[in-house]
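Okay, so chain A shows up in both of these, paired with chain B first and chain C after.
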Partner chain A sequence: MKKPLSILLASTLLATSISAMAETKVGFVYVGPKSDYGYNYAQDQGRLYLEEHLEDVETLYFENIPENADVQRVMERMIRSGVEIVFPTSYGYLDHALKVAEKYPDVHFAHSGGLKTSDNLMTYFAEIDQAMYLAGIAAGMTTETNKLGFIAAHPIPQVLRNINAFTRGARSVNPEVTTSVIWTSGWSDPSKESEAAEALIDNGADVLTGHVDSPINYVQVAEERGVYSVGYHADASKFAPEGWLVGAVWNWGPMMVDIVESVEDGTWESQHLRGDLLTGAAQLSDFGSAVSDDTIAEVEERRQMIMDEEYQVWAGPITGQDGKVIVAEGDTMTLQETEKMDFLVEGVEGRLP
Partner chain B sequence: MNQTTTAATSPITGLKRLLNGPWTPAAIMVLAFVAASMAFFAINGREPVGLFFEMVRGGFGDGYSFSETLVKTSPILLTALAIALPARLGLISVGAEGQLYLGALFGTGTVLLAFDQPGWLLMPLMLAGAMVGGAVWGIVPALLKTRLGVNETISTLLLNYVGILMVSFVVHGPWKNPNSLGWPSTVEFPEGAILPTFFDTRVHMGLVFGIVAAMILHVLVTRSRWGLGLQVSRSNPRVGATAGISYEKNVLLVMAIGGLLAGLAGIAEASVIQNRLQDGLATGYGLTGFLVAWLSGQHFLRIIPLSILMGGLMASADSLQLYAQLPKASADILQAVLFIIVLAVGGLWRRRTMA
Partner chain C sequence: MEMIIIEVLSLLFAALRSATPVLAVVLGEIMTQRSGVINLGVEGQMLMGAMTGFAVTAITGDPWLGVVAACGAGILLSLVHVVLVLGCGANQIASGIAVMILGGGLSAYYGIPFVGEKINSFDSFGGSGIGSIPLIGRFLGATTPTVLLTLISIPVISLFLYRTRSGLHWRSVGESSEITRNLGHSPVPYQFAAIVFGGLMSGFAGAALAVDYTSNWVEHMTAGRGLVAVGLVIVARWNPWYALPAALLFGVSEALNLRLQSWGVDVSQYLLATLPYLIPLVVLMLSFRGLKAGGGGMPMGLKAVFTNS
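And then the complex of A and B:
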């Protein structure tokens, strides 16, 4: 009995001495594994960046927490163990985070995306559809069949923005291109994603991309079948050395540092914080060897135009699937409008579920 | 079996008596489980003793932890009853998960239909809807069994998937909240359709339903004519029939009652825990309830503490991630370990005492 007791004592002592050194405890909740080479991996890279760049910060994380009310308990546990800033990183956590935020008014919450805030809950996200638009250009210039395939999880605005941006990018260089969409109804369902990838290729698509938590499944299927792939969330080029074109990837670290520092120095405010290509929170990955020099030059030129704000992805004219004009020439969608997007653009095949 | 009762004065025989007592297998099970979990932690390279205590604290250590344990207890308790009652008639149902989903489906449907009604009307309607939904998912396999001789284990297993997919269909389709920006879930329940909770925690009426139902079932099955009839029918339906006990009717009855209890668990999760119907409403409660029912030996009162224990195990899995970064699946592994230990120790003990 003596030994377990002393271990227990030692571990409590150690725990208290660590918490005495660290001033701010930051907790992260992930919907999938942090090793998914995708969405959760990218968020976790942000967490590691935070630990590296802020000495007085200690982080902890929970993986594989479903988007149901279980996440409330997980967040409460974190807060009860001393966490002062919570990063609920998945779309479906928002309503649950708002509930917990109301119960713990002294804790700050930074939720990934969404359009709701409260006194102590802000959202952060980045306009990664800019990078998806550029990746679409690379896809549109590379495809030989003029058919692109998109594997999508849920028809939420963020996903629709990526499908539409990718398609508009491709059609800006190759008006013949169409994008077929298959919905998987889940952020992570490897077998469904692989089946969808096979089906899209069978249907003639020769560039695959998607918006599910991990790009690995469709990138690997594309590589096996000898077609091209465009990644999403994180650089997965090592899974497709032959067919990798480029990817739209996150870089959360600096944004997370800003958020945590704003809490520490008292300047935190409840807001919708958004990054983009210019701030570097959304980026284009390196190009793969399959991309031609002409394509790279075109993409780089358009990237510069977006960075210089000479071109905006959501500037009209934007035509819907049915051919009707949704945004007239001369108009540009506002941030609020894009984050409520509920349509597919001309050139996308497949319906909203 | 125990012939030493007369010589209780000698300390050695006293010890023997204690060892042969009813608590010995339970104590062995607990010790074996503690040892196995610690071994599991050690194999994963974690400090076993401290982590085990963290886990216990995560389930039962303070008021908040215990309240979250009780939140998990409610659906486990109700689904365990939904399995144990048919088992009293010799039926092996595994359908509590599907019945839970059907209860949530019908209950939510009622809420959507009677959305603007006041709480005093809406709440009973919702609960009635949920009970009907769950009962239907019990009656279908019961009819398949009595009319067509379809094995109830297989039909309830398959109906689980149907139930889960039906919920998935409505939340992705006809019942999707038009203002949820594409997110698959129904609208939030109105205030009047949220079951009451206790003491500023998430512990809700579902727990009370479960405990009351367990007590009523215990009395009915052990004390009433009907309960005796179940026993007779279980051992020999033909003998039962000559005594005027209809096996077919009882199959329908136990499956329907079991289903309505699981249905209550489903609507409680949707109403008070999630505040809406959505996918992944209660992944796995039905299966855990099945384990609890069989661990209890279909004893309704024993189901109550066992459900609390299992709820604690599910809720305390957080601490494994929080303090040791062990994945969430660790709780499932420990649950399986517990189940195997209980079965193995129980089996060995029976063999030993029979020998």
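And then the complex of A and C:
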């Protein structure tokens, strides 16, 4: 029901944002509003960075495009208007992007988070679970009830990675910790997210985090109820001056610049480009005042170990919820394995639907 | 034992919190339908209310101004339904859907600058001494003004509808505008007031959601609650007193969906997520027999909407 209007608006933007002077036109497609203060906001910050740092680049974008055949039409329309590089930024766009890529072999595509490529389609993503692991350490050292709460949208691999990384981080410093998960079955439903946060706190959780579109709701409820919060996607510290611990945030700009430059100078290749804490595509936000100096020191030390590749988040032993060993000691999960994650680790309460 | 009482109380108050915006819409829509007009646009009116309430609160810093502005926004959008239905004689269902889409689009567009804003919301009643009442004090203390206002509006609406002359006319318009006309009254002012009152209540519901309950604005944040409310009007049998249990039915199911998960009950989240829709549906089906026999309290004027419009 919101489509006609958004397409109308987007086409006016399209008309105004393309100028004939630009050498490279780059198009972005977002699944939600770019102002969602979450996932799409972070992608759009990357687009703005791109505009700021490459003078010969013009960008345009479409918001609120559903993950169905609509996105194919949107991409084709962009291409017909001269776009040479397309960023389909949502997980569910992958198969549609592959179809359009086949039809337009001269256009380059960079899909966010997928695991398939073609001659002119690459993927990019960042291992933000490293930052969630570190945030988990802060949560594990701060909690007094040893109960953490996680508000999750859908059980896709990206979400499971964050739940598991957060829990493993917390249990690495405090083995007593458990994480309760509540599924909201939607990326953005403020009322449900607030109520889920209330339920977790009523049940004893004193650090909340989550993986839904925007961290605002659970961070606000946590602050109101006087418990701690860990953000995700975007820095929400202003919503919780007392209880904010730290957050895992994206920084897509430099990666997007690299991709566009590689197309311009002909070094582009079809690949799975993955950033992490080291490349800066995934980051830990600033710490809140509620975090003790000891905790900060511990997190910083572990961050250095991850950056120096002395420690990996998905190195064994990894035990599942049922106590069975999933990854043996000495083994490490590969990129493909982590991006297809389908289990919850020991210490997570709540089941996979 | 005390643990269980606290659990049940916290579930009930959680249900009341999630039910409040829905309850306000149900009450407004009952009044609208009691005049023989159905308005599916409440979903859009709720969104306009939510966006306007949030925006005004963000700009002025006063949540009361936000609530007032939200009611105004709901009324303004409901005037579209007034013009289409009363002015042009348009199909009520089609007009309602138009209002719903309009409200969704306008609120999404004008709400963009306010996403990610932090607002000062209402204080809960916890500071006023209520919080120190044993057992229920902490729950009563956590309730907020919009919950109370919505609850107070139930007896007010009932008094008006069943105990005043205007209320009698209002209901008779809903039963048959023909007879009302023959008695020398025009149905139009009543239907006008009914649609506008529905606009006010749904705008208020939007504010209850965005300003009070979540203190957040996200486009399409009502997620179908306005339409659920239209369905709950049937469950409530067009009676303002029954609106409370009907809306609580939705609230309890939504709270239960989330709380069962936090208690670690082993049921699929997808099944749990259907609870807020499934339970009212089951109640509706169970009461269907009664509905058929006694008309279920449906204003007879509404029949025209479904049969020959």
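Just so we're on the same page, the second predicted complex is superposed on the first by the 334 of 353 C-alpha atoms of A that agree within 3 Å, B and C clash if a C-alpha of one lies under 4 Å from a C-alpha of the other, contacts with A are read in each partner's own complex, and residues count from 1 in each chain.
By definition in this document, contacts are C-beta pairs under 8 Å (C-beta built on N, C-alpha and C of every residue); 3 or more make two chains touch, one makes a residue touch a chain.
Since this is a predicted model, take the numbers as computed values, not measurements.
Look at A:Ile216: by the touch rule set out above, it reaches chain C but stays clear of chain B.
In the superposition on chain A, A:Tyr30 makes contact with neither chain B nor chain C. In the superposed pair of complexes, A:Glu67 makes contact with chain B only, with no contact to chain C. By the touch criterion defined above, A:Ser185 lies against chain B and chain C together after alignment on the C-alpha atoms of chain A. Looking at the shared chain after the overlay, A:Trp250 reaches neither chain B nor chain C. In the superposition on chain A, contact of A:Phe87 is made with neither chain B nor chain C.
In the overlay built on the shared chain, the residue A:Pro353 is in contact with chain B and with chain C. In the superposed model, A:Leu200 makes contact with chain C only, not with chain B. In the superposition on chain A, contact of A:Tyr39 is made with neither chain B nor chain C.
Chain A uses residues 4, 33, 64, 185, 353 to touch chain B in one structure and chain C in the other. In the complex of the two chains, the chain A residues touching chain C come out as 1-2, 4-6, 9, 33, 35-37, 41, 64, 149, 180-186, 188-196, 198-200, 202-203, 213-214, 216-217, 220, 234, 238-239, 349-351, 353. Residues of chain B touching chain A in their complex: 47, 49-50, 53, 58, 64, 68, 71, 168, 172-173, 181-184, 202, 273-275, 278-281, 283, 315, 318-319, 321-322, 327-329. Contacts from chain A toward chain B in the complex involve residues 3-4, 7-8, 11, 33, 60, 62-69, 72-74, 76-78, 80-81, 91-92, 95, 115, 154-157, 159-160, 185, 340, 342, 352-353. Of all the residues in chain C, the ones that touch chain A in their complex are 10, 14, 17-18, 21, 100-101, 104-105, 108-109, 112-113, 115-116, 118, 209-210, 213-216, 218-221, 223, 225, 254-255, 258-259, 261-264, 266, 268-270, 273.
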